[in-house]
Amino acid sequence: MAIRPLGDRVLLKVLDAQEKSRGGIYLPDTAQEKPQQAKVIEAGEGKLLDDGKRQKPLIKKGDVVLFGKYSGTEVTDSAGETYLIAKEEDILAVITK
Amino acid sequence: MAIRPLGDRVLLKVLDAQEKSRGGIYLPDTAQEKPQQAKVIEAGEGKLLDDGKRQKPLIKKGDVVLFGKYSGTEVTDSAGETYLIAKEEDILAVITK
Amino acid sequence: MAIRPLGDRVLLKVLDAQEKSRGGIYLPDTAQEKPQQAKVIEAGEGKLLDDGKRQKPLIKKGDVVLFGKYSGTEVTDSAGETYLIAKEEDILAVITK
Amino acid sequence: MAIRPLGDRVLLKVLDAQEKSRGGIYLPDTAQEKPQQAKVIEAGEGKLLDDGKRQKPLIKKGDVVLFGKYSGTEVTDSAGETYLIAKEEDILAVITK
Amino acid sequence: MAIRPLGDRVLLKVLDAQEKSRGGIYLPDTAQEKPQQAKVIEAGEGKLLDDGKRQKPLIKKGDVVLFGKYSGTEVTDSAGETYLIAKEEDILAVITK
Amino acid sequence: MAIRPLGDRVLLKVLDAQEKSRGGIYLPDTAQEKPQQAKVIEAGEGKLLDDGKRQKPLIKKGDVVLFGKYSGTEVTDSAGETYLIAKEEDILAVITK
Amino acid sequence: MAIRPLGDRVLLKVLDAQEKSRGGIYLPDTAQEKPQQAKVIEAGEGKLLDDGKRQKPLIKKGDVVLFGKYSGTEVTDSAGETYLIAKEEDILAVITK
């Protein structure tokens, strides 16, 4: 069983502080407007273009990304795991090694 | 007798708690902003593109989907069954097995 | 003498409760936000596309449709009959048998 | 001397009650939001499309039309006659015989 | 020395009451929302289309036009003459003889 | 060292009263909403069109232009000179001789 | 480890007063609305065009740029360095030598 995001949406797992420190970017709790880090669990088919084709997402499964803290919609699966469904355009950057 | 949604609209049957638990994604009642689960009863012809063609919907009859709780318009048929007519773009994800 | 709706507009005759019960979809009076049923009296030439062509409407004369209750503009003819002129995009669904 | 409306605009002569009864559609005074009847005196070159062509108007000189009561701009000529300059898209329907 | 309006802009000389009566359209002072008459002093290159071409204006130097009273930006030259720079789309109609 | 404006932006040097009188267009101080005169110091690559090409600006280095008084962003260089970075579309007209 | 901005976004390092004086453009602290200087650390793939291609950014790694003071989102890396992720369209100009 899995959640498959549609179109220009992506399914994200928000990383907690410990996981963030492994990723290497430190985001202080006091900065409410600062972006959050998350792992891409699944990406959708991509944004619909004017000619009916879909634009392949710039991010892929497994990427660690930065996104606006108040973007997206939270969802919890049967195992109690919480995910976020966000739009690809709300993702600001990819963290690379 | 049936309700056939038009264009980029879909006809949904919202799933109650018991049905949700079978689908495997748990959505707590306390989370008012959280998305709801529903079964796709029928999908429309698809979104109208600039060139007059219609974009085939990403979802199909029978899919179990997540959508924004306050999306769509409620309608009740003669048997007392309540459905929801929503836009395809308000559907966030498909639940797969 | 007749009213011919223009472009992406349609001329509708709203169905009263008795006619609705024949159509089979029950819409309780208490639900103010719920869609209404109507019969399509005439459809316009269709929506203007970017290239100057018109998109043939998805509905046709005689269709029974659901539309948002506060959509459209009311008009009364010389016989005292009241009609509604609405945009095709405000029609949610077609009721089929 | 004449007023030639530009682009997607039309020059209308609003019909008074007596003229309306000849046209056959009765529009009660009490209904402030109801559309008005008018005769098309002149139509412009049509709406500008993306490719620089103009879309021929759906209405023509002499047509009796219904339009939203608060649409358009009033103008009075030297003979004291008052006209209305409206956008073609604000015209809801044509009254045919 | 001259003012050359850019793109979809036009340079207008608003006509005073006496000049208006020669043009033949009477615009009472009491009607604050009514359009004004003006002479086209110069028209710009025309509106930029999606493909980078410019759409030739529907009006030309010397035309007497009607435009919305509160449209445009006033400018005064060294001789104390006041002109108006407006967008072509704010011009409602041309007065013809 | 220089400031190179990007895309559809232009770098302007606002002209003071004395320079304006040489340009010949008189703009009274009392008219707060009136446009200002400026010299074009540098123009950007031009506006991005839908197909990825850039639209060559209608104005060029050295032109004296009129622009809306509250348009643009002020910037001061190391010599204490103040410039304005504005969008090309906020420029109303070119002053020609 | 690095932050790779996505699409039409750029990663900027805001320059402090000392570095600004080397760049040669003086931006007084009292001017709250004035643009800031920054160095481009990395640029994204470019803006998505209608046909699915991406528009190569006008700026490149190493450029010193001016941008609107309140544009962008701040992010701090594990070394305590603070960066800004902004949209390319919020960058006003490039400082050249």
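Labels A, B, C, D, E, F and G are assigned to the chains in the order they are written; within every chain, residues are numbered from 1.
To be clear about the criterion, a contact is a pair of C-beta atoms (placed from the backbone, for glycine too) under 8 Å apart; a residue touches a chain by one contact, two chains touch by 3 or more.
On a predicted model such as this, the values are computed, not experimentally measured, just so you know.
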item: Type of chain F:chain G copy interface by residue overlap (half), same or different; value: different
item: Chain centre separation in whole Å, for chain E relative to chain A (CA means); value: 52
item: Centre distance in Å when chain C and chain E are each reduced to the mean of their C-alpha atoms; value: 42
item: Touching two or more other chains - residue numbers and ranges from chain D; value: 50-51
item: Round-the-ring chain order [start: chain F; next: chain G]; value: F, G, A, B, C, D, E
item: Parts of chain F lying in touch with chain G, wherever the complex brings them together; value: 1-7, 9, 11, 45, 48, 50-52, 73-78, 80, 85
item: Footprint of chain C on chain D - complex, ascending; value: 21, 23-28, 31, 33-35, 47, 49-51, 53, 55, 58-59, 66, 68, 89, 91-97
